[in-house]
Amino acid sequence: MKTVVVRNIDRADAEGVKRLGALGVSTVHEAYGRAGLMKPYMRPIWAGGEAAGSAVTVLAHPGDNWMIHVAVEQCRPGDVLVVGCSADNTDGMFGDLLATALKARGVLGLVIDAGCRDVKTLREMGFPVWSKAISAKGTVKAALGAVNVPVVCAGINVEPGDAVIADDDGVVVVRRKDVADVVAKGEKRQADEEGKRKLLASGALGLDMYNMREPLAKAGLVYLDRPEPD
Amino acid sequence: MKTVVVRNIDRADAEGVKRLGALGVSTVHEAYGRAGLMKPYMRPIWAGGEAAGSAVTVLAHPGDNWMIHVAVEQCRPGDVLVVGCSADNTDGMFGDLLATALKARGVLGLVIDAGCRDVKTLREMGFPVWSKAISAKGTVKAALGAVNVPVVCAGINVEPGDAVIADDDGVVVVRRKDVADVVAKGEKRQADEEGKRKLLASGALGLDMYNMREPLAKAGLVYLDRPEPD
Amino acid sequence: MKTVVVRNIDRADAEGVKRLGALGVSTVHEAYGRAGLMKPYMRPIWAGGEAAGSAVTVLAHPGDNWMIHVAVEQCRPGDVLVVGCSADNTDGMFGDLLATALKARGVLGLVIDAGCRDVKTLREMGFPVWSKAISAKGTVKAALGAVNVPVVCAGINVEPGDAVIADDDGVVVVRRKDVADVVAKGEKRQADEEGKRKLLASGALGLDMYNMREPLAKAGLVYLDRPEPD
Amino acid sequence: MKTVVVRNIDRADAEGVKRLGALGVSTVHEAYGRAGLMKPYMRPIWAGGEAAGSAVTVLAHPGDNWMIHVAVEQCRPGDVLVVGCSADNTDGMFGDLLATALKARGVLGLVIDAGCRDVKTLREMGFPVWSKAISAKGTVKAALGAVNVPVVCAGINVEPGDAVIADDDGVVVVRRKDVADVVAKGEKRQADEEGKRKLLASGALGLDMYNMREPLAKAGLVYLDRPEPD
Amino acid sequence: MKTVVVRNIDRADAEGVKRLGALGVSTVHEAYGRAGLMKPYMRPIWAGGEAAGSAVTVLAHPGDNWMIHVAVEQCRPGDVLVVGCSADNTDGMFGDLLATALKARGVLGLVIDAGCRDVKTLREMGFPVWSKAISAKGTVKAALGAVNVPVVCAGINVEPGDAVIADDDGVVVVRRKDVADVVAKGEKRQADEEGKRKLLASGALGLDMYNMREPLAKAGLVYLDRPEPD
Amino acid sequence: MKTVVVRNIDRADAEGVKRLGALGVSTVHEAYGRAGLMKPYMRPIWAGGEAAGSAVTVLAHPGDNWMIHVAVEQCRPGDVLVVGCSADNTDGMFGDLLATALKARGVLGLVIDAGCRDVKTLREMGFPVWSKAISAKGTVKAALGAVNVPVVCAGINVEPGDAVIADDDGVVVVRRKDVADVVAKGEKRQADEEGKRKLLASGALGLDMYNMREPLAKAGLVYLDRPEPD
């Protein structure tokens, strides 16, 4: 593992990231060909938090948050900090002091494949965090990791500068170069869904709207009027 | 596995189901002889949601929500949709479009042994869901399952038409033929508890109210004034 | 296992416990040399609950809450009930009736390495609980355990009379004899953090505040202007 | 829950069950339309154990093995004992004494959704067990359950008299009335696989054998000579 | 947390510990009133390993094995090293070099609430280990813990000098002062079981041997000749 | 997600990979700066299996093994197949027929972040597999994934052509360009360890060999002759 800090990274297009944020995680994930979604154990520490930004990445070690302190300096307004860990860990690597520092630099949120603490204060500050656990467990500052190198976080390989979108449904990551394409597909999908929503609300069936009856019959689905006797 | 859809099922008595709902999951479970409770990993996606209805059942496969689309048509007002899965899976099989379709048909809630997404919208819609996970993970429509056959959901075998009661404490299932009996026992239990609650609030001890002192002594419980020296 | 109930225990100093509660779990845990923290699976059943008291301990068996009934009588105002279990279990050992009884005796909260039910009522009562699970599963009253003996709860050995502090960040336990020392260290830490928070909010970097640059360089951290070519 | 023991059950056809055992779990599961498979956390306590028999079912409670003692009397040569539990539990409900009793009655193995102990002795006795855990944790004999009623075990609803097949791949359950059909389909499948195995061993590709190239192309699979530039 | 190493501890009686080892984990656990058993996630890294010794205890931090190196010096022939961890961790804190060092000092085995590596070599050396995980993950030597203080390991509070018995069924811990008593009860139990085993092998029923029929009837167990119609 | 198959990839140097295999997973992981190790839930399906090869990568979907069939054609002698999955899944995506096909092409083993079946036959064939689960659960062939694109498998981002080393300690991945460097460092480490092993076997202490006494004292470690009174 290279113990480096990369100072200059190419960030995702700010306007595009904002529009991905407006679409929300589920729509972005679908528009991205069902890719980029972190594992569902990543949960917001308070309901309703949302963030959409460009990733500054951190590789940390279990029980050690030294590299998060290092990463703060590399953050700019509009960034989301993404922390991967070299082994499974739930220690509370992040709390209100680090959040205060990140907020002062315009960082929009944190995504961490480990634990978080001071959740009450973070909720009061309105600083959103997606984490694997809530834990007060203190950490040391002993082992070097890296900042702004690719890291695996909750099953997704995140490159520095990737777009990171997070809300109540989870966290999705879009490659910088794919942002514009996903915005276009996602906004189209959203518009389509609006129409479908109205139809469904008025009692239309997905079976008809999506023309499923024929493929279902072809696949062998059988309708019975009554359960077969045992 | 039979890939069938059963159109006509006998539903639980609507009035009885409503009264079970008023009793709540914990009381119903006790009144049912401590049977019928789904595993505790089934959690409401928003606190305070409640549902009590007659089960329409779905057997789905991991990562595939085709059968949920099929099941919508079989639902009637007062139903609760119950989805079992042929293998452990947390993918987001259910979202706001399907909820819109179910709501249009009068369905009261969803119980799914897999993942759910669009949780913010579902909360805003007031559509309650109990699931194993929250996940934006998209699903395919490829494999046939079944609708209105018995399915195991979170450890409980659910028959079509069973009464399904769900609240913040979890999900409990009562056989259609047992509903009246459980209503009677549950309402009696609830009345009894009201009295106990008042006594306990005034400082009475369960040890005395439940006559536990004698059986405890008989079982060998010893009271010490002080810890024994180590 | 000794099946005993110890009637008289030495409790933690009430004023000290109160001040630990004001500091919160994360600060207490740090001030205690990063000791005493229960595993992070212990979560509050409703957000925002807080409790700080002297431990009355219970050793129970899976699916059996008899000893909790026994323990009620041993509780005094200012206590927190702490329940360990002889094997992993998520059954709903505690509900609103027991909470009513505890509240009547001035107990401030419950910490249980098992399940809890009636969560809606408990939230309405304002009775805080930290548990491993929420489950309506009923329990029997069949096996003797013990009250006011040392119990392991969520990875921590709790002695009767220990100070127990619980909030949204989890649960921490401080030995009775260490309370004054931890109060002193924790309040000093809290005062220090206030100053740090202001500095960080104004844009200062932890790297500078904590003099990390030199040890980082010494450990071999390298800054790159750009990612190295692959 | 009915606390009953059903004395007389219809057992699966012994010859059919034997032939299912010869096919093995994976083939039976496929021949049964991919149904009937218990969750993969059910593992043999020693590698290489195999059992195929007719289910005698037990519903037990966490930490309580009373009903297993009751069930022994109901077993006959060729049976497999299947134990479901009313809540998640890993206690050691079964050990060498119960195995000795079962062996004396001609029982072929145990499938238990809880823990097992005395694994060294059980291995030496050649008595195969599939369980959720290995644990020495002792159990009480306090709560009634049932024998020979339908029980959910590791996600599968097992009816008394169902065929139970278990080997290193896990445990599969076939309804009594479906045994002959599954035997026929499974033996055909096994014969087919023998031919395929020879072809594949000689270098043939499944892509060709199963005619997958066309559907893959239709679904949109693209072959690239080289990775696309990033 | 006190960062100390205690040099002199009182060890469990060597002859008594040996006899506990001969009884095995399940019998010792029962003879000890069903106390002292570590959680069942503690598994031997190779089947058939057995150890019975006096505990030298270590408190370590996640991803850090410094204290194990410190502990080696405090070990004597007949000891078993017991490592607790201040937070959940699966890193490979122990491998063949440390095992070589321990073996040279006559240590009989390792019990570690974290990960272990070099399992092939350890099996070849015949050095038994019970751990939470197998993992090659390397560790640092950065944070002080303690040696020969009480530590919680897999749910059990272990005092230095306690008797530790481990085999295929798991790990049980007996307080030093209780060893003689548990030996006596365990050997009596073992003798009793020998007789029971013979009776059961000859076809006797536990129902009769343990006089269960009357309490079962009293508790309300009903025998049916046939399943009740649904 | 791009649904592509990349035909030509650059493979890791065969001789280097072989030497990494001889070093074993733990040594390679250390020599690689403690990087590249998959999560410890990846376990060999039979003890003693070993594989070292160049990665052919597969991205599959839950419950769907179509892409594994596609990947076979892209394999060459000396390869190891590495399968990542777009969501957590334990279904039995791989069995003896696919192993026969891979073996015929000279593939050395399989690493799969999902389930595997036919374990008895695979053990008899001597075909090593590292998987997340053993499960007979059948899969469909419905959704396109990709072959020879980067995939995250058990927490590690694997590029096609990376060196994959697997044994009883787990699975480690080394970038193709780093193989020579890791071979050199690993063989040096191995030679060093040989000397250390002899010293330790003769009773030397790591405390002295690694000069730990001074840093421990500096960090504040205190030696006590006896436990402090409580």
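Just so it is clear, A, B, C, D, E and F label the chains in written order, and each chain counts residues from 1 on its own.
The definition used in the following text is that a residue touches a chain if its C-beta (ideal position, glycine included) is under 8 Å from a C-beta of that chain, and two chains touch if they have at least 3 such contacts.
What you are looking at is a predicted structure, and each value in this text was computed from that prediction instead of being measured.
By the document's definition of touch, common neighbours of chain C and chain E comprise A, D. The minimum number of touch steps separating chain A from chain D is 2. When the interfaces D-F and B-D are ranked by how many C-beta pairs touch across them, D-F comes first.
Judged by shared residue numbers over all numbers used at their interface, chain D and chain E contact each other through mostly different positions, with under half in common. Separating the centre of chain B from that of chain C, both taken as means of CA atoms, is a distance of 30 Å.
Centre-to-centre spacing of chain B and chain F amounts to 41 Å, using the average Cα coordinate of each chain.
Contact of a single residue of chain F with at least two other chains is seen at positions 2-3, 34, 37, 86-88, 90, 135, 137. Every pair of chains meeting the touch criterion is listed here: A-B, A-C, A-E, A-F, B-C, B-D, B-F, C-D, C-E, D-E, D-F, E-F. Against chain C, the residues of chain D that register as touching in their complex are 61-64, 86-91, 135, 137, 140, 142-143. Residues 24-26, 29-30, 34, 37, 40, 43, 47-48, 167-170, 172, 193, 196-197, 200-207, 210, 212, 216, 219-228 of chain D are the ones touching chain F in the complex. Every residue of chain E that touches chain F in the complex is listed here, in rising order: 2-9, 66, 69-70, 72-73, 90, 92, 95-98, 100-101, 103-105, 115, 117-120, 133-138, 141, 144, 148-149, 160.
By the touch rule above, chain F contacts chain A in their complex via residues 1-3, 32-35, 37, 39, 86-88, 150, 152, 155-157.
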